[in-house]
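Here is the structure we will look at.
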Amino acid sequence: MRLHVLYFARLRERFGVAEETLDFAGTTAADLVAVLQARGGAWAEELGGGRAFRVAVNQDIVALDAALPDQAEVAIFPPVTGG
Amino acid sequence: MRLHVLYFARLRERFGVAEETLDFAGTTAADLVAVLQARGGAWAEELGGGRAFRVAVNQDIVALDAALPDQAEVAIFPPVTGG
Amino acid sequence: MRIVVQSDAFDLGAEVDAMRQGRTDIGAIASFVGLARDMNDGSGVAAMTLEHYPGMTEKALARLVDAAASRWTLLDVTVIHRVGRLLPGDPIVLVAVAASHRGEAFAACEFIMDYLKTQAPFWKKEETPAGDRWVEARASDDAAAARWNQP
Amino acid sequence: MRIVVQSDAFDLGAEVDAMRQGRTDIGAIASFVGLARDMNDGSGVAAMTLEHYPGMTEKALARLVDAAASRWTLLDVTVIHRVGRLLPGDPIVLVAVAASHRGEAFAACEFIMDYLKTQAPFWKKEETPAGDRWVEARASDDAAAARWNQP
């Protein structure tokens, strides 16, 4: 399936990318995170379990076991700090 | 001793008096209330135990056993309803 | 700290702007405006008149603010209460509390309102279709104030 | 219900006046303004920049307001959050809640702020003497939001 993936705040800066379109062979948000983490470097550091992050699918925050629909807009970002 | 006594809101209206100066032979706020209640009519109805009222001495709300100093400003009024 | 009893309307925006003017240490301003409603206790209300105890009122409000300031770390507090005749929709009371953090600002603002409702010498008289009536104190207001005494 | 994300400043007085304009059923308006401080985590802050997730932000704020409206009887809610670069003393966020009674207005206003802090996709970057830094989420904010789930 094809996913549109967005990164925000510290993750956007550390990955050096704000958005990308990916062909994805997995099923869940956790599968996608594993694919990204395997890129190594900042990807492994930020998504490898040491730091908290959040995943939103089509603009709703989801748990990592959530299934990803084809053409989903998936966002990965740090815990929020507005207000 | 001499007391300056003020009445507010419903009590002022029911007693038909906003303030008066009294010569008082008692000691406590309860003694003063007993004197006023003995006037009968609205005084007995409002201060006779059936309805809640508050007593302030020199602009602080006090309990009925509070001693009254000479020349005190004593106010008697219903529970407050501002805000 | 600013405590005012007045018959004129107040300006929430101007009061809050005055609190934060020239300061960069305030993180949170919680404020409350109480308004006259057209209904109370199941009856229409055409207008109300607020009576108070001049002299004691300002002292009682200052005591409430002092109690809040001894309980939370506050940067500024404004309390304005109107007296006289008010129409439905008119603002009656304003409480604004500035603090570094929101939890303190919210708690102190609600605390001051809850105690104002039971401790400050104001009385409301309502004009209803059945005639004028003095508003009775509510047990729920006593309960709201009492919960701040719980551990 | 009014939910806005904007870079411009907002006007608390005008927002609250707009809520009550032409109405006589509102008894209470609780409001909150969060401001940029000159200090955070022990360091001076010269400015901050707020980033957000356009599209999701408005949805997330609407969900918070809906959650509050399903929990308390509310008459109106306004939420305005600024984005972009802000200086110490600048207002960041406004939440105003109108209700018949003050307990509901206070609770809903604080609830919306607590959940906004953990659910709405905004991120702050601070300019400090040691360089720029992303603000870290606080455990105390998670705790503040979690207490609304208690029975």
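Worth pointing out:
First chain written, first letter: the chains are A, B, C and D, and each begins at residue 1.
Everything that follows uses one rule, which is that a residue touches a chain if its C-beta (ideal position, glycine included) is under 8 Å from a C-beta of that chain, and two chains touch if they have at least 3 such contacts.
Since the structure is predicted, the reported quantities are computational estimates derived from the model, not experimental observations.
Summarising the inter-chain layout, the chain whose CA centre lies farthest from the centre of chain D is B.
Chain A and chain B have Cα centroids lying 71 Å from one another.
Centre-to-centre separation between chain A and chain D, using Cα means, comes to 26 Å. Each of the following residues of chain C touches two or more other chains: 34, 102, 113. Residue positions of chain B touching 2 or more other chains: 83.
The complete set of chain-chain contacts reads A-D, B-C, C-D. By the touch rule above, chain D contacts chain A in their complex via residues 34, 50-53, 55-56, 59-60, 81, 92-93, 113, 116-125, 134-137. By the touch criterion given at the top, residues 11-14, 16-17, 20, 22-39, 88-89, 91, 100, 102-103, 105-106, 109-110, 113, 144 of chain C touch chain D in their complex.
Interface of chain B with chain C (complex): residues 6, 8-10, 13, 52, 56, 59-61, 75, 77-83.
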